[in-house]
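You will see chain A twice below: alongside chain B first, and alongside chain C after that.
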Partner chain A sequence: MTSRCILQTALLVYFCTTVLAMNYDLLQFQLSSSSVECQELLLQLNGTSKGCLKDRMNFKIPEEIKKSQQFQKEDIIWITLEMFGKTSDIFRRNLSSTGWNETIVEDLLATLHRQKEHLEGIMEEGNFTWDHRTLLHLKRYYLRIVQYLKAKKYSTCAWTIVQAEILRGFFFLDKLTGYLLN
Partner chain B sequence: MLWSQHASPVRSLNLFLVVCISLVFGVLSSLPDLSDKSCTFKVTLRNFRVILSWELKNHSIVPDHYTLQYTVISRPDHVKIVEHCSNITASFCDLTDLWEVLPETYAVTVDGFRGNTTLVTCFIDFFLATHISLEPPEFDIADLMDHINVNVNFPPVIPKILRGEVLQFYLKLIIEEQSGGIVKKHNPTLNENVIGNFTYVIDKLLPNTNYCVSVYFKPRNLGAIHRSPVKCTLLQPAQETGSSESAKIGGIITMFFIAAVFISTIIILKRVGYICLRNDFPKVLNLYNLSAWVIPEMPPVEAVAFVEVIHVNRKKKVWNYNYDDESDSNDEAAAPVTSTGGYTRHGLMGGLLRPTSASLATCGDCLEPDPEEPDLSERDSEPLMTPGPCPGWSECTSGAYERGGKLLQDPLSEEDSSSTEEAGDKIIFNVNLSSVFVSALDDDSEVPPGLPSFPEETFDPDDSHQLETSFLAAHGEGTQPPSPTPSAECPWPEDVLSDKSDSSESDIDIGDGYIMR
Partner chain C sequence: MLALLGATTLVLVAAVRWMLPAAAGETNLKSPQNVEVYIIDDTFILQWNRSEPSVKNVTFSADYQTLENDTWVKLPGCQSVASTKCNFSSVKLNVYEEIKLRIRAEKDSHTSPWHYVDSFTLFGKAQIGPPKVHLEAEDKAIIINISPPGTKDHGMWALDSSSFTYSLDIWKNSSSGERRTKTVYPRDKIYKLSPETTYCLKVKARLLPRKTGVYSPVYCIKTTVENKLPPPENIQVDAKNHIYVLKWDYTYENVTFQAQWLHAYLKKIPGDNSGKWKQIPNCENVQTTQCVFPKNTFRKGIYLIRVRASDGNTTSVWSNEEKFDTQLQITPFPPVITMKSTNDVSLRVYISAPEESENKPVNHHYPLIYEIIFWENTSNAERKIQENRTDFTFPKLKPLTVYCVKARALIQEGKWNKSSVFSDIVCEKTKPGNTSKTWLIAGVCAALFSIPVVIYVMKLLFRCISYVFFPSSKPPSTIDEYFSEQPLRNLLLFTSEEHTERCFIIENRNTITAVEETNQTDGEHKKYNSQTSQDSGNYSNEDESSGSKFSEESLNQETE
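For the complex of A and B:
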């Protein structure tokens, strides 16, 4: 009887691990694809930094994001959710001065919103609780961007600088989600 | 994890949408040209070097030299003039040692001069990670019998822009193998510290087949893939395989030859007699019944009976039959010397001192003295001994019995030839008692099936003719008994037969059809 229970437990753990691994692989593919998609949408937005070099600012993306510190997979999900959510919040702001193609912006927002909802559903079902310094750094990082935009009154140059900064963020995010693979 | 159970089969539709949208965007969208109103730029990773090249749109403007300067967008750095790209005549610049960060937006300014006059100024800013064109690395192939070694040339020092995890993450090396319209992609994992030649083995290839190999880096985005020119090779025919097959055949033939020689040697030695290979081992050596061998059964207790040997002189007339003389036997007992023309038979009779088994009792029955014979009745009180077993004993062939039987047979045969020589009163038999054994065996199971039985009711001492007739009938009218065994070594059937044929009045029934005269 005991051996049967052990066997069943082992099989359960094995199958759960397998399903989990398969889902992480799938999730990585989803997040990476979304990240690349967002980068391409951002690149399609018109804009040049010529004449805007004076508006440059170092927003100080968290070093742990830049160096792709070894996070737990749940941490990566948290980071991704935060970055998608904050980026979406930024691009919902005043874009009137940019002259960007609104369709591209809407596509960008739709992609971000879809992935954000997907991750939020995962977090709720998994009852994730993560209070990490990286999350705080991320919140401050995006807060600096928003404050920058506000300070520059959502000017074209400010949006161009922010666009370049968001591109960097998606590149790091793409690399970070690679750790979801087993 | 609950989320994992929910996560994604449910979201597979989302995944499908993502892929579709990605493909649509990848196909429909092309990365913005790196150009401004005057110049077109191109940034390339060529042989692991970051090369920025430019071309003036207005070909009427021909600067004689260029100067390049750049800055980054992510921080408020100064614009840097690239020294080794200042006042250059070529329209490209190697920025490998200056651009150390791949995910960075670089703002580049190129000034075209003719003399000291600035003819053109071009400005471009681009996100390097997505705009860099990944040209394929140099490689060469080495074909062997069934595999190809693909040697990808990596620089002795990896540039800073590719250090860290960028090489593994960003530069996905793909080796494409093509043969007969079938394309197979290999995705080797690059080590972060890969330097020099990176060798990848494409194995399990078919010999005598043409293979073409191309190498490229797969970009992260859906940008264009730049494949290297294919390098083809025709794998050599499998000579080694053929030689190995012939070696196998030779080995098999050699093994058969060795086996034949060995078996022939064994057969020759067996026939010559040097070895004796037997399958039918004696029962004692039969070890197949291991349990019986390990725990041997106790041998049956052999009954040993002490016998006392008494020789009895009997003289019998053989030829002068007188069936009317009923007291012939009595005369023989009284006068051992026979009449003229007859012969004398000497019998050695014995009795068991202590019969212990039914067979011995039967044997005793065989020798039970006829109450009509006075000589035997006189010795009735003394145990009689029989030199041989009663009819049907298989021990007829044993040495001891053969010796005992001879005591009976030899005088008989001699009497047949010269009866007058044995016409004495007594004949002394020397019997070595130490070599005489009487085994107590069971019942009639030991009786050879070919031996005739002599039912008692067929014998009538007074009707010897009837006895003779019945006995002849049992033996097929006097022919040789079917069993050859007892006739040579156990003389009694023929003796009986001869006795029956010469049946006289002196015949005495001693039981079980045995006739004593």
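For the complex of A and C:
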């Protein structure tokens, strides 16, 4: 009787973990496909690289993101939420100097928004902890980008630099979301 | 004496020294207590308690220090403050930066020791203030327009203004006020209200992770008189081949309809997005409760659709905004199945996407799940499984049996699901089992080998039996070699024929009874008998000549 109980419990735990594992797998699939779409859209925005070398800036992306240190799965989702949200915020600012195709920017914002909604839905339901420090560092990083854009008065070169920086951020984010798979 | 003086001086000095602090004790200040930082939106307040309330004319001053810069800087708005709180909102600081504060009491030229506040970030301590709400009434709905808390472009929530989610409480102003709580967008509508009724509401903002703001003040508004024309209801979008069909319900006739769309993400951004609604092609001034537009009108994404009716004179209000996700509208194409039988009596199934008629393959954000129905060709029992892999095996089947399979693709997201039609049925026969095959071969070989063995054994057995029970009367061959002559042979061996002879007894010398002899050999024997008259018995002999010789010899021997 006991052994049967143990067997049933073991099976339950196994299937639970399988189901949870599958949830993260599905989420990772969705996140990585959103990320790929965003990067493709960003690359379609034509940037002028000539004469912008002097405008280069070290925005100091947080070390823990750059080193792709292994975070908890919930922290990865918070980080993704933060990065998608702030990227969305940046690309809603004054883009008039760039001459970028508006529909591409709209598609980018739509993709970011869709993924954000999905993640917010997940995080609102559960009782998840979060890593204060990393999120703060990320907020500081994006503030630096926004302040840079304001200081450069949203010039074409400034936007080109920012476009490259955001792409770089997606690259690091992809590595992080890879940790959602076991 | 001198020693006495010295000792007294020492005591006096010590006493004075001890008394001096006590004397200055009236002005020896203690640092303030219970120092707290309160931040709401862009207002930063430092608050504390006096440690000595009785002491008058005490002022307080505070400094701050960033982690990068080691120097203490005077905190603006908190210098020589007489009360127990100060507002340092004017400080130019990065809200995400860690800072330290210190505060002390001052009176005249005396100061208390510093009281240090542990390092913190302004953002971390900040609370979300009340949002600002603007209302507009319709007959059965209220339009709300929420402005995020804080100042728009700079300040605490500069980068988070579009990340807020708003929670709204609404109730009827009458006595039995049932409260309804909803999550709303910055610019949203609250439906299902009664006309000509006063409703009151309050809103609070939330920011993930766990920051919940303070409620706004209560706003009340009265809904208008019921409109002549109600708005359309039950808006649906169906996808068919290359078109979308937008349908809705409407009770009245002789009206024209107008449909508009908006990017869903714009709803999350505060501000007026009323100008961003765009007309759906083929859906302006339609007289039916549906309109059709091509699929390429909408790129991949989430949109909102609204419809209103007009009878020429009056226009209805806009309908509910229906969410329309292009990804979920796609009816997936049926998959293509290939099935192969493998050596270990299983069937391996490969599912592939069909060739699209359009040049760009559909890239689903929601991965496809396949529903596979699997059955034995002869029976009706179907097995239904759901698989997200495209390459899998049905193991441990019956050998040499035909199995059939059909599948369809599913997209599922929450309560949404869309499935394709079933694919063509594919049937395949399983191979005979490896083990049974081996047994078969082994059996055949064994049979082949065993037949001569059995024959040989049977033969031996038969020989043995016949040797024991039915011995052969044939002489061994060695005898033949030695005894080639017939008579000797006859002597030694039994003959098969039995010679019977009639013997005759000679009783009378004179009378010679000719006795028949059955001796078939010769008449010479007869002759012999007549010649010898003695009482020599006749010896029966086969061979006449030898016998006669013998008998002659014996006679001679006897007579001699």
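Here is the rule we go by: the second predicted complex is superposed on the first by the 167 of 182 C-alpha atoms of A that agree within 3 Å, B and C clash if a C-alpha of one lies under 4 Å from a C-alpha of the other, contacts with A are read in each partner's own complex, and residues count from 1 in each chain.
Everything below uses one rule, namely that a contact is a pair of C-beta atoms (placed from the backbone, for glycine too) under 8 Å apart; a residue touches a chain by one contact, two chains touch by 3 or more.
Nothing here was measured: the structure is a model prediction, and the numbers come from that model.
Of the two partner chains, both chain B and chain C are touched by A:30.
In the superposed model, A:123 makes contact with both chain B and chain C. Judged by the touch definition given at the top, the superposed model places A:106 against chain C, while chain B stays out of reach. Of the two partner chains, neither chain B nor chain C is touched by A:65. Residue contacts after overlaying the shared chain place A:114 against chain B and chain C alike. Set side by side, chain B and chain C differ in how many residues of chain A they touch, and the one touching more is B. Legend: residue contacts after superposition of the two complexes on their common chain; A:38 is shown touching neither chain B nor chain C. Touch criterion not met for A:149: it reaches neither chain B nor chain C.
By the touch criterion defined above, A:86 lies against chain C but remains apart from chain B after alignment on the C-alpha atoms of chain A. With both structures placed on the common chain, the touch criterion links A:166 to neither chain B nor chain C.
Under the contact criterion defined above, the residues of chain A that touch both chain B in one complex and chain C in the other are 26, 29-30, 33-34, 111, 114, 123, 128. Touching chain A in their complex are the following residues of chain C: 94, 96-97, 121, 123-124, 158-163, 165, 208-209, 263-265, 268-269, 299-302, 325, 363, 365-367.
On the chain A side of its complex with chain C, the touching residues are 26, 29-30, 33-34, 78, 81, 85-86, 88-89, 92, 103, 106-107, 109-114, 117, 120, 123-124, 128, 130, 132, 135-136, 139-140, 142-143, 146. Interface residues of chain B facing chain A in the complex, by the touch rule stated above, are 1-8, 11-12, 14-15, 18-19, 21-22, 25-26, 29, 31-32, 36, 71, 73-77, 79, 102-105, 107, 123, 125, 127, 129-130, 164-165, 169, 220-222.
Considering their complex, residues 16, 19-20, 23-24, 26-27, 29-30, 33-34, 36-37, 39-41, 43-44, 48-50, 53, 56-59, 67-68, 111, 114, 118, 121-123, 125-128, 161, 164-165, 167-168, 171-172, 174-175, 178 of chain A touch chain B.
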